[in-house]
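Look at the two complexes coming up: subunit A is in both, with subunit B in one and subunit C in the other.
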Partner chain A sequence: MEEIYKELVEIVGAGYVSNQPEERFIYSRDPGTMEPHEPDLVVMPATTEEVQKIVLLANRKRVPIVPMGGGLVLSGLSRPLKGGIVLDMKRMNRILEVNETSRYVLVEAGTAQGMLQAYLKKNHPGLKHSMPDSPPMATIGGNVLIHGSGHLSHAAGFHSEMLNGLEVVLPTGEIVKIGSCSTSPYWFGRAPLPDLAGLFLGWFGTTGIVTKLAIKLFPNRPYQDVGVFVTEDPELVPDVLHRVTGVQVAEDVTAWMTPRPDWARGFQHININYAADTPEELTGKRNLIRASLQKYIREKVGGFMVLPPPMKKGFLEAPQTTLVQFADVRKGGGFEYVGGIMPIELFARAYRAGIEIAEHQRTTYSTGARVIGLGHCMMFFFAYPFNRADEADVERARKALEETNRVVLDMGGIPWKAEAPAQKQIIQKMDPKTFDLMNRIRGVLDPQGIMNPGNWEVE
Partner chain B sequence: MEYAAILHRCFRCGYCKFPGNYIDLNCPSYSKFRFETYSPGGRMWLLRAWLNGEVQTSSRLAEIIFSCATCGNCVEQCVFPKFKDDILHAFIAGREEMVNKGVVPPAVRDYLKAIQVHGNPYKLSAGERRKWQEGLNLETYSDQEYLFYVGCVGAFDERGIKMARAVAILLKNIGVSFGILGAEENCDGNEARALGEKGIFQSLAEQNIRDFQRRGVKRIIALSPHAFHAIKNDYPKFAGSLEVFHYTQILAMQAKKISLRQAQAPRRVTFHDPCYLGRHNKEYQSPRRVLKAFPGLEMVEMNRSKENAFCCGGGGGNFFTDLLGSGPESPARSRVREAAETGAAILAVACPNCAKMLEDAVKAENLEEKIAVKDIAEIIQGGQI
Partner chain C sequence: MDGLKYSKEVCEACDTHDCLIRCSYIKMDLKTAKEERQRLLRGEKSPVLTECVTCYACEEYCPHGNHPFYLIVERQEQLGIWPVPQPLTKQQIIMMAPKGKIIPQKVRSPVVNMCYFPMLAGCVRGKLFQGASTIVGSDVFCNIMWLHFGKNSVIRERLPEMIANIWEHYLKDSGVKELICFHDECYGAYTHLAPAFGLTVPFQPIHLFEYLTRRLDELKDQIRPLGQKVAYQRPCSNRLIPETQHWVDDIFKRIGVERVERKYDRGNALCCGAVIRAQQMEDLADDVQKRNLDDMVETGSKYCVFNCPACLFTLGDAVMKRGIIPILMSELCQIALGEGIKGA
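The block that comes next holds the complex of A and B.
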């Protein structure tokens, strides 16, 4: 490893590579429940060419290599399960191009969500990107590649669906372009070419290292509002979501269910965020949303909540800092959740399962969902805050996660950004031919097996 | 270790790395080094690991713990109420633990040794403290309304002396009644406190309090926000309740007189908030009130200002220990680039540490033609210093 260290120093400079115990400790773990795995080295490249040199070196030395963005995935995906080199990509954080007319931005993969949001606000105030509710240090590259979702996901789907193109360093060191940028100076989209982006989306860094990407931007409308529809009957929620998404005026539709504070217990709260260019348009959209749910209001089985101004302000925030604060209910610095991607008709089942698992694991339930697309599916989350200082509590959360993953798969959902053990659970459910195809593709792209090994593997 | 019980509560969510508007990184050590270890969260987790025996004492660990500039950005931006109030206390407690174990970086050891032996970090005799005032005809403190306290940087550092003189002349010109201690002034101890040397700090604070009380000092004007902070917030713990002002607060009270001073050629100015005046003591308005009162200045704000200001990197003892170092990614160089981007011809400061750090950075960035670092009093005094 000493020889590799010296070569890395030559590539990125001594200040940006470490084999020291302190970095090996921190980069071995995240705030979730997964056991730590130490890297041998941590390196922070600043350019695509540096990434390429590191990949070629890793190939030559047959050393595992693990790309990492914000390190906020919570499910331990950037832990180097078989040691090797962790590539912290956050020095690659330049915003390279904003195309106002065609509404896209080209960024380096390590660009933080918060920094892009601030950049657009300052330089292109009429545009915004879909902001996830993860902390602002989450990277654009990381979030797109794990099929993240965010504040415009009702309007435009998963963040991976907002992807226009990629620059990737393949596991064998070649730099390739994916999408229109491969053929044109514009990064306008992935059509009409064969869509190779799928080779890198959802693979957890096992097929290459994305160094640049272009994502879609959307109008940033000056007038914003949120309505919270509340019902006590989880069985109604799929139809509520179906109706409200059907009018196609919201930007984001999310649900939250929690026993704390007391007044929230037993209710399904559905936040409907919408925006407009004029107050009249905002009123019009509000009316359309209300009209879509009139049936339930008339039947007195649901209604819109009166929102105190601080609560409304919090719901209009992106990212919502209150969500991070929620993670602190155990006052223990540990948080993880299962995000089950599933059809919206499974809402009531998922909600009940969340309560059952919490009772079973003697923990507090907290569940919610974000609608993806026009109700095409949802990311239903089961959150488990825990106390890092209490090993029994960590273990309880770990078991709750494992049970939740199993329940999600049994009901027909698929765990999102699954931990290594959950990946194995998914593979067990997966059509063997699909998994075989994944392995064949991976074998072609990464013949030495150096890319984030231990992920999407049976053994 | 004090505050050990809160270390596990940090999620490493990273809000602390940013200003409130997320426009850029705002933790000086993370911005410079970029490893997660140098972020507030990394520091929290490493301290806990060190106490648990998962990470051993090492020179790198000491560098990580002592490279924090104690700028308070993490406290300002952390989204967890109550917990956030103790973040810096925990880092300083970690430093105390390292001081007690004798495992601090050599530069920290040398700083503390100089304070202990010489009473100042410059290893100069106490008599040298009087030099900054030469030729100004300033009165020794007796029964004036204020004591003007310049501190070590104001008394010994070339840049600090220039600033101390400008402030003293201006205070005199606008008729503020003040006296000085000259060679009898002592170190305020704020940096020793921030570096985890509780004992030295307590001894300096108690010595100063006794001295102030003996002389009948009731009200103090501090040149440095660092001294202002220590006297205001930490001296009362040792029964030293004094009314202390930063000099910009006194100038702000005299804004009318400043507005009547001779106008200069119109210039654009941007203000760099010192951490120990701004974030630590929530004083953002006084320096701006003074600058706005002075004729001919156009104020423009940097992307990171007030509670979101980016530290020059000189806080928490780093002004002396230089653990944040130089190089293009040093906080001071990053800060002067940001200031130059505003188009301002003057980068206004209100702290001798910031003045020195940023002036050096302007030279390193070859920005001398574009922007000059000036203390607020220097701006108002113009060529009359």
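The block that comes next holds the complex of A and C.
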């Protein structure tokens, strides 16, 4: 490893490589429940060429290499399960191009969500990207590659669906371009070419290292509002979501269910965020949304909360700081959730399962959902904060997560950004031919098996 | 807490039916009003029960003091006609429930009851409130708001406890008889609603405006007349206590502001819109707010004075966007005393 260390110093400079216990400790874990795994080395490249050299070195030395964005995935995907090099992308954070007319931005993969948000606000106030509800230091690249979602996901789907193109360093060291950028100077999209982006989306860094990506931008409308529809019958929620997404005017539709404070327990709250260019348009959209739910309003089984100004302000934030506060409700900095990607008709089942699991495992919980696309599916989350200093608390959360992953799969959902054990559960459910195809593709792309080994594997 | 004290005979003999005829939201001729009033007296369903926006105004309009509004709320609950969707009502009932965490403490006069608005406790400051104690929170909350939700039962259940809490835990052992009610709702609850339901109140409620008038008289040498035009947003709860209306004029006179004559003040005051939105009638709320704001703007007012914090939260931003400064009555007085607005 000493020799690799020296070569890495030559590639990126001594200030951006470490084999010291402090860095190895930090890069061995994330805020979730997964057991730490220490890397041998940590490196922070600044350019695609440096990434390429590091990959070639890892190939030559047959050392595992684990790409990492913000390190906030929570499910331990950037822990080096078999040691080796953690390749931290945070220095590759340049915003390279904003195309106002065709509404896309080209960034380096380590660009943080908060950086892009601030940059657009300052330089292109008429545009925005879909912010996930993660801390602002989460990266654009990481979130797209795990099929993340955010504040425009109702309007435009998963963040991976907002991807226009990629620059990737393959596990064998070649630099390739995916999408229109492979053929044109513009990064406008992935059509009409064979869509190779799928070779890198949802693979957890096992097929290559994305160094640049272009994502779609959307109008940042000056007038924004949110309605919070409340019911106390989870069986109604799929139809509520179906109706409200059917009118196609919201930007984001999310649900939240929490046992605290007392007034929230037992109720389902559905936040519907929408925006407009004029007050009249905003009112028109509000009326369309409300009209879609008139049936339930007339029956008095659901209605929109009258939001006090501070509450409304919080619900209009992107990302929502209340979620971050909940993440540390147990103190001690531990937080993890299962995000079950599933059809919206499973809402009531998922909601009840969440409560049962939390009661069964005696853990603090919160559940919620983000609608993806026009109700085409949802990311239903079961969140479990815990105190990392309290091993019993960690264990309770871990067991709750394991049980939740199992329940999600049993009901027909699929855990999102699954932990390594949950990946195995998914593989057990998966058509064997699908998994076989995954392995064949991976074998072609990464013949030496150096890319984030231990993920998407049976053993 | 007893049943509502009203007289069926008084209603039957009424020849004005002002309670319905004068309503700003339900349009009705005298013949229909008589028929619908009869339905209400018989405990039958009536469009009044579904169309009422619960603005309390008919309590003021009734020439006989026969509590037509409380009866509407009684009937809504008896017949299960809920003005606000059930989940929202249930949620509010849980949210505003007494927490039972009251700690007895000595207070000294003047004692100001801030109702359930802890965020406004900072308003009790300066010369106006020198030496004042405040009480606030779910355990001293008047609970009159359930009139908006068709839930007299919650008032019956909670109001006696609140009165007892205020008296037993704060006032009695402190030797204080007077309770300054910062919010019209509290004053209305203790002076109007409680007797209507046969409930005795052991302390002396004092309306904030009466208290302010007293203090302004004591501080009159320090008042710098403001010389401004002011629009007043009269809250729904003041409909229960119209006898306090003159205090608004008295205060304005003392601080040198003009209460502008406008269409939607005094007996024609419009709801701020919050309750109408809770009832999910957005178009009506938009219309009511627009008419109200247009009316304020036409008068050229510099300030819009609120006494109800809920009205301020609901209309404050909209008022500001129309170029008028939203302000609480006590804050306007503080400006006249040279104390300015907190944070300004």
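FYI, the second predicted complex is superposed on the first by the 459 of 459 C-alpha atoms of A that agree within 3 Å, B and C clash if a C-alpha of one lies under 4 Å from a C-alpha of the other, contacts with A are read in each partner's own complex, and residues count from 1 in each chain.
What we mean here is this: a residue touches a chain if its C-beta (ideal position, glycine included) is under 8 Å from a C-beta of that chain, and two chains touch if they have at least 3 such contacts.
Just so it is clear, the structure is predicted and the values come from calculations on it, not from any experiment.
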{"item": "Combined model on subunit A: subunit C and subunit B, fit or clash", "value": "fit"}
{"item": "Touched partner set for A:Gly333, first subunit B, second subunit C, both or neither", "value": "first"}
{"item": "Which of subunit B and subunit C A:Lys90 touches, first, second, both or neither", "value": "first"}
{"item": "First (subunit B), second (subunit C), both or neither touched by A:Val230", "value": "second"}
{"item": "Subunit B versus subunit C as contact partner of A:Ile297, first or second or both or neither", "value": "second"}
{"item": "Touch count on subunit A, higher of subunit B and subunit C", "value": "B"}
{"item": "Which of subunit B and subunit C A:Asn387 touches, first, second, both or neither", "value": "first"}
{"item": "Which superposed partner A:Leu120 touches (first subunit B, second subunit C, both, neither)", "value": "neither"}
{"item": "Which of subunit B and subunit C A:Tyr16 touches, first, second, both or neither", "value": "first"}
{"item": "Minimum distance between Cα atoms of subunit B and subunit C in the superposition (Å)", "value": "14"}
{"item": "Complex contact set, residues of subunit A against subunit C", "value": "230-232, 261-265, 267, 283, 286-287, 290, 296-297, 300-306, 308-309"}
{"item": "Interfacial residue positions of subunit A with respect to subunit B in the complex", "value": "15-16, 18, 20-23, 25-27, 30-31, 42, 44, 70-72, 88, 90-91, 112, 114-115, 117-119, 121-122, 135-137, 321, 324-325, 327-328, 331-335, 387-389"}
{"item": "In the complex with subunit A, residue positions of subunit B that touch it", "value": "8-15, 17-18, 21-24, 33-37, 42, 45-46, 49, 54-56, 58, 60-61, 64, 79-81, 83, 303, 327"}
{"item": "Subunit A contact footprint on subunit C (complex, rising order)", "value": "82, 84-88, 90-92, 94-95, 97, 274, 277-278, 280, 282-283, 286, 313-314, 316-317"}
